[in-house]
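First chain A sits with chain B, and in the next complex the same chain sits with chain C.
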Partner chain A sequence: MAVLTLLGRRLGAAVLLLGVLSALTYGLLLAAPGGPEQVLLGGRPSTPETRAAIREQYHLDDPFPVRYARWLGDALHGDLGTSVYSREPVVTVIADRLPVTAGLAAYALVLTVVVGVPAGLLAAMRRGGRLDQGITLGSLAALSIPSFALSILLLYGFAVRLGWFPVFGEGRTLTERITHLTLPAVALAAAQAALVVRQMRAAALDLAASDFLTFARARGLPRRRVWTSYALRNAALPVLTVGGLLLAANLTGSVFVERAFGLHGLGALLIGAVGQKDIPVVQALVLLGGVIVVAVNLLIDLAYLVVDPRVRKGAAA
Partner chain B sequence: MTPAKTAAATAVLLLATACSAGGAAPPPADTLIWATTSAPNSLDIAHGFNSASTLVQAAVLDSMVGLDERGKPVPRLAAGWTQPDPASYLFTLREDVRFTDGSPLTADDAAFSLRRHLDPAVASQAASYFTMVKKVEAVGAGQVKVTLRRPAPAFLSVSAIAWQVVPRKLAEAHPKDLGSPEVGTLGTGPYKVSRFSLTSGVVLERNEAYWGPRPALRRIEVKSIADPETLRLAVRSGEVDGTSDLNARDARKWTGLPGVKTIFYPGDNISYLSLAVGNGPLADVHVRRAIAYAVNRRAISDLMTAGHGAPAAALLPAPMLTALYGSAPPPLPDYPYDPAKARAELARSAHPGGFTLAVPYAGGGDTGTVMQAVAADLAKIGITLRLEPAPADQYQSRMMEHDRLGIQFVSLAYGTPEPIEVLPDMISRASAQPQGFNFSGYGSAETDEKLDALVSATGEDAKAQVTALLKEIAEQVPYIPLFHTDNAVALSERFTASLGTWTTDMFARIRPAGR
Partner chain C sequence: MKVTGLRVTGPGLIVDGVDLEVSPGETVGLVGESGSGKSLTARAMAGLLPRGLRATGSITLGGRELLGAGERVWRPVRGRRLALLMQDPFAMLNPLLTAGAHIAESARSRVSVAERLAEVGIDDPSVARRHPFELSGGMRQRVALAAALAGDPELLIADEPTTALDATTQHEILQLVRRVQRARGMGVLLITHDLRVAFELCDRVAVMYAGRIVEQGPAAEVRRSPAHPYTLRLLAAVPTVERRLARLEGIPGSVPAAGEVTGGCAFAARCEQVAPECTQARPPLREASPGRLTACLTRVRPRAAVHVTAAPPPEPGPPVLRVTGLSKRYGGHVALGGVSLDVRRGETVGVVGGSGSGKTTLARCVLGLAVPDSGTVELAGEGPRHRLVQCVFQDPSTSLNPAMSVGAALAEAAAQGAPGPRPTVSELLEQVGLPAAYASRRPSALSGGERQRVAIARALAVRPSLLICDEPVASLDVSVQAHVLELLRQVGTAMLFITHDLAVVRQMADRLVVLSRGEVVEAGEADRVLDAPAHDYTRTLIASVPGL
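After this line comes the complex of A and B, so read on.
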């Protein structure tokens, strides 16, 4: 029952959020200089008739509320419109690119968790030792390198010099896709893994002094058991939060990495569409971003319930 | 195995799978992988009149006429043409030409393919090319008659670029989205489209039933790589065989790549400074001349083209000047770099002590580099440019809206050898409106009349009229021509190419080396 209330409240908030988000984006795009004429005229000399025809076809002379209401009406009927740039339905445009970005985001998240969580735990277990210092220093370095610079380094080293990975593109089959996305995922995950390492280390250190860990140790439980079953589970809450936010960020904002590796993902699409005033595409992407953030947050909250019995009890009460 | 070991083993396995697929078998010799920095967005010139899109269009669609290596119109889908009077053309279609779906090409298809560019509902990007066209009709078997509003010799040249022939049925069914990834297109050209997507690229297969010379390449894949450095690494690694999207300025990064050759040839382009003559200090012709003397064009040309270009002497692309005047261009008022003369001109203006001007420019890219060089040159004569960087999109939008025009750096590329393609952009009053390319705002009823007369002029008469206009521009200095850039192509040594300024069908000119 508690879960249903949570879901209901979240759904209401989500609808409100998406409404505000779409109106705000639409308004900001209209307020920015220029319009879709640039793309429609192809940056070429044009005739007054063509310009007039375009203004009429795309209702460019209507006031903001009318244009927004028209878009909203269509969107509520499930019609997100047609891309000004490619003249494809927006849904197709996004569906073409979503698998690439989703694959990249998931791959990067897996790398982040697989590397970040154990490394953070290890650092906490060996607090102040050589290993801890090494891991902390490494994470500092990873945090400091901008992703686009790391991308070029990885490309030069692993794709051009060693030839292990392809330079660009996303591949067509599953194996090709994994090959193509490996370097981008590493580039994207590096800083994020560093973040998780620090988060994990801090969370685990907080726990290290707690009574239940001292008691567990006093009972003579093996160190591995103490850290994985007791500390990891308790440190999981903050890490879950960070991980979820990272996933949401990757799904909407991996633009530098996408560009460096010649990937046609949502980040590159959004940047292009904003520049071209391709309003239907921008609107759909902003809505998608909103939905992703809301959904991921909801999933995190549900995961809290699963992971932590205290939260479960609290929710029930 | 402990969980940690399992995880480690899985990771190693995953990496091994990932690595093993890296070294795929080399593609067959007659497959070309080409890359562009922006993806072709439409296979219809009405909605994709840009270099990446026209590259693919030219491989798939035939135009009625072509351009030879000197830029002269030659027959293509039209076997020939006559001019019943100076303002009309009668084209005779080549016989037995079929679209790649097997349907025959008709005069009706050819006529409709031109007529549609005049339809405001299509909102064609090529509409401004064909404003002189009054009527297009299919007459008799295999003939198309084009009636112009008045004689316009440039009609044939622009037709070579933009009169691509598509089936009427298809074009009529899709006025707005012909050529989109969903609709695609159908042509009679040397290649047919086997896949078109904005993300995974274009795949072209040879049209085995092509009426013309058999193209040497069997398959062409066009990919898009937005980042210039990634593009270079892709060519270097051999994953991409060629690209024409390298900047002449970065040529030295490309000339040393192993297994890759670079090809340079004169481009039909001009880069210049536009001076808004409407108000402020730039309204004073002496100020404009002072700026012309003060700007070191040779230095900017060297900076921007790294030797693969040259300073511009007149406000027309170099190949246009060559096509018109041969090797003997007429003398025009010139402003060789001379700070002393610049100061003297400034002293004669209303601003003898110099002035400060806010200059918005697109941060990053060529505009920023040129404007910084110009600002340094002008500082020497007391003109201070307050450079205000703006995001490229915003700068571009504002410039096209003719908002805050002052001193702008502009680079334009053209398709034909006809000066009439350029001059109205620069000095007609119609182009001084928002979305037009007359950023100086220069122009009068008188210049409009001269441009109007030039449309119908031929031979020596046309030459004299162009000279007069170029002279007026040089005297009044609404623009300062800066430089011409070569077109550059990087191509794997596995291929050879014969390319020139007027090459439109680039893929037909590339073949495997040694054949």
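After this line comes the complex of A and C, so read on.
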């Protein structure tokens, strides 16, 4: 019951946040240079008649709250307007591009966790040793290379010279998709994995000095149990937060990597839309980004409820 | 288990040649102050030395050499043959696992979790489903004990198992360890800084000092006639609950590092009966009488009884603090339920009670750090509250700013005082018995006792009319405790002295207030309350003080 109250509160906060975000996003249209009609006409030559028609069609003469309410109502029904550039519904445009970016983001997250968590643990276990120094140095390098530079290096090495991976495009079947997305995902994941390595290493070092780990060893528990149930689960808590935020960042921030690998994802769409002053698409993308960040944070809260009994039962107190 | 010539080295020498033996069914106490190497001896005996430390010598269990053995050899030994119980019940259990899971995962036989819990005196089976954060310190220590015993070990090494608990819980846990030890006939090695605890529980006691054992023998005999001057002085420094001593005597100086004193008796620099030969070679642990070992070359001379007539208690002056009907709630929890007391000029009022009795909340309300829900706090005098009342906290290692030199901290504090002549840094240091040169040092370069002196000087810097002491000696070693208490006695400022240790409060307080669950259950002259307690709770408190 208390858990439900907690969830309700979080959900309420999320809705409020999205409301504010949507109002600001809608304001984008009004703030655009040349007035909303000019934006909606998309730079085509206009006469007073066409402008009047546009004002009529988009109800631009109504007061702001009324217009905002109408826009929001449409948005909630899945109608985010029409792209000025392609004349297609914005929702269709985005739905076209989303799978590529979502696949890329998920792939990168998997790589980040699969590489970052064990590497961080290993570094902590071998603290001060060669392996630790190697991992720490590697993570420093990965953190300092920008993703677009790494993209070019990967492209040159693995796609051009070795020819193991395709140079651009996203592929059609699932296997094609995976091979096409591997290099971009690596480029996206490198810096993030480095972050996770450092976080994990610090968390595991704290744990290694903790009494409960020593006490677990003193009871002669098998090594596997000490590492999973004691070290990994406790170290996972801070990593969970970081992981969720990285997922949100990937979904909205893979611009450079998509560009470098010629992927038609959301990042590429955003760059195009900004260039073409395609305000309805930009609006929709900003709103989508907000929804993703809020949703991911909600998921992190949920995950904490599952993993950490202190949060779960603390909600009851 | 038999330990021979155990040496632990890290950056320096920490444990220097410890010989120890624990037989089945026997309880052995390993007593020493902080820095004596007792905890690391325990960790070495479980093969769990922290990273960077190395042990040499020999540790055998049932005739099998364990020192230097790999994890493959150690793992089946741990839990099943020996178990280690650690100090802090709040840090010892995995916060993500239930109490029952801790016990179940350590179990090697088919005894149910409920039975294991019953063995440690937990009859409520629902405890098994609770997580550590839902349990009190005493309950956690019981659960930890049940988990440690779940593999049915032959030897239990308990490292300060009760230090983090309040007096009544401490007593219960010690009784529990004794009961379990007898029922199972296992060996127990009890590591403690508290001689009283060791004497209460142990058959044999070994006293450690600067990494070596200086005396060993049957508990009752060591207690009656110590065979090493260190033990003698340590016993003299232990406060007693029975009567107020006219003078509290600590041991001058501090414990040296084991590596600095390899060439002679480690205690020589602080010993009253030191002879030239004490510093020439390390005195061996010799047999003084059958079963009694001592590392002292001479016979210990009993100390002359100190004849100091106690100064008559000062005539109480007008009240400096008057608290009436103070209450404070945190959510649904009543921390204080209408507490009234007063402190008069020149007098020390002790506030005693177990954890959760509201002692600390009371202090916070008087200091203005917490706002009471109702009731009043009146302080005599003019000016902002921080000039009228100051506080000495429990742990000087966290209450002093590590980045600030002692002098800067004291000068800063003095500058907060009333306008007019303010005490200088050297005056303040002199008042707490520290050399003026300490002003340039940082807290990290001081010992625990010296830090607490600095904290006292800082509190006195504004010349407050009331000093609140919140467990001021609870984190200090016995020999240092006496110095700090004696210093506080001489300060002469009116004091509200908060503690869970009745022996300490007997030495300090003129009057006593006993708190239980936020209510005053008994109040009166300290001697009257402690000699003839009227309330059941006070009687329980007194009964749980380990006797000496």
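Here are a few things to note about the model shown:
In the analysis below, the second predicted complex is superposed on the first by the 261 of 317 C-alpha atoms of A that agree within 3 Å, B and C clash if a C-alpha of one lies under 4 Å from a C-alpha of the other, contacts with A are read in each partner's own complex, and residues count from 1 in each chain.
Quick note on the criterion: a residue touches a chain if its C-beta (ideal position, glycine included) is under 8 Å from a C-beta of that chain, and two chains touch if they have at least 3 such contacts.
No experiment lies behind these values; they were computed from the predicted model shown.
Using the contact criterion defined above for the overlaid structures, shared-chain residue A:Pro309 touches chain C, although it does not reach chain B.
In the superposition on chain A, A:Phe261 makes contact with chain B only, not with chain C. In the superposition on chain A, A:Ile178 makes contact with chain B only, not with chain C. After overlaying the two complexes on the shared chain, residue contacts for A:Pro63 are found with neither chain B nor chain C.
Judged by the touch definition given at the top, the superposed model places A:Gly78 against neither chain B nor chain C.
Contacts of A:Asp96 after superposition on the shared chain: chain B is touched, whereas chain C is not.
In the superposition on chain A, no residue of chain A contacts both chain B and chain C. Per the touch definition, chain C reaches chain A in the complex via residues 46, 48, 50-51, 71, 75-80, 83-84, 86-88, 91-98, 105-106, 131, 133-134, 144, 147-148, 150-151. The residues of chain A lying in touch with chain B in their complex are 32-35, 37-38, 40-54, 57, 82, 85-89, 92-93, 96-97, 100, 114, 118, 152, 155-156, 159-160, 163-170, 172, 175-176, 178-179, 182, 259-262, 264, 268, 274-277. Contact residues of chain B toward chain A in the complex are 4, 7, 11, 14-15, 17-19, 21-23, 39, 41-42, 47-50, 120-121, 123-125, 127-128, 131, 176-177, 179-182, 197-200, 223-227, 229-231, 233-234, 236-237, 239-240, 392-394, 396-398, 400-401, 403, 424-425, 430-431, 433, 435-437. On the side of chain A, the complex with chain C involves touching residues 127, 208-212, 214-223, 225, 229-230, 233-234, 307-310, 313.
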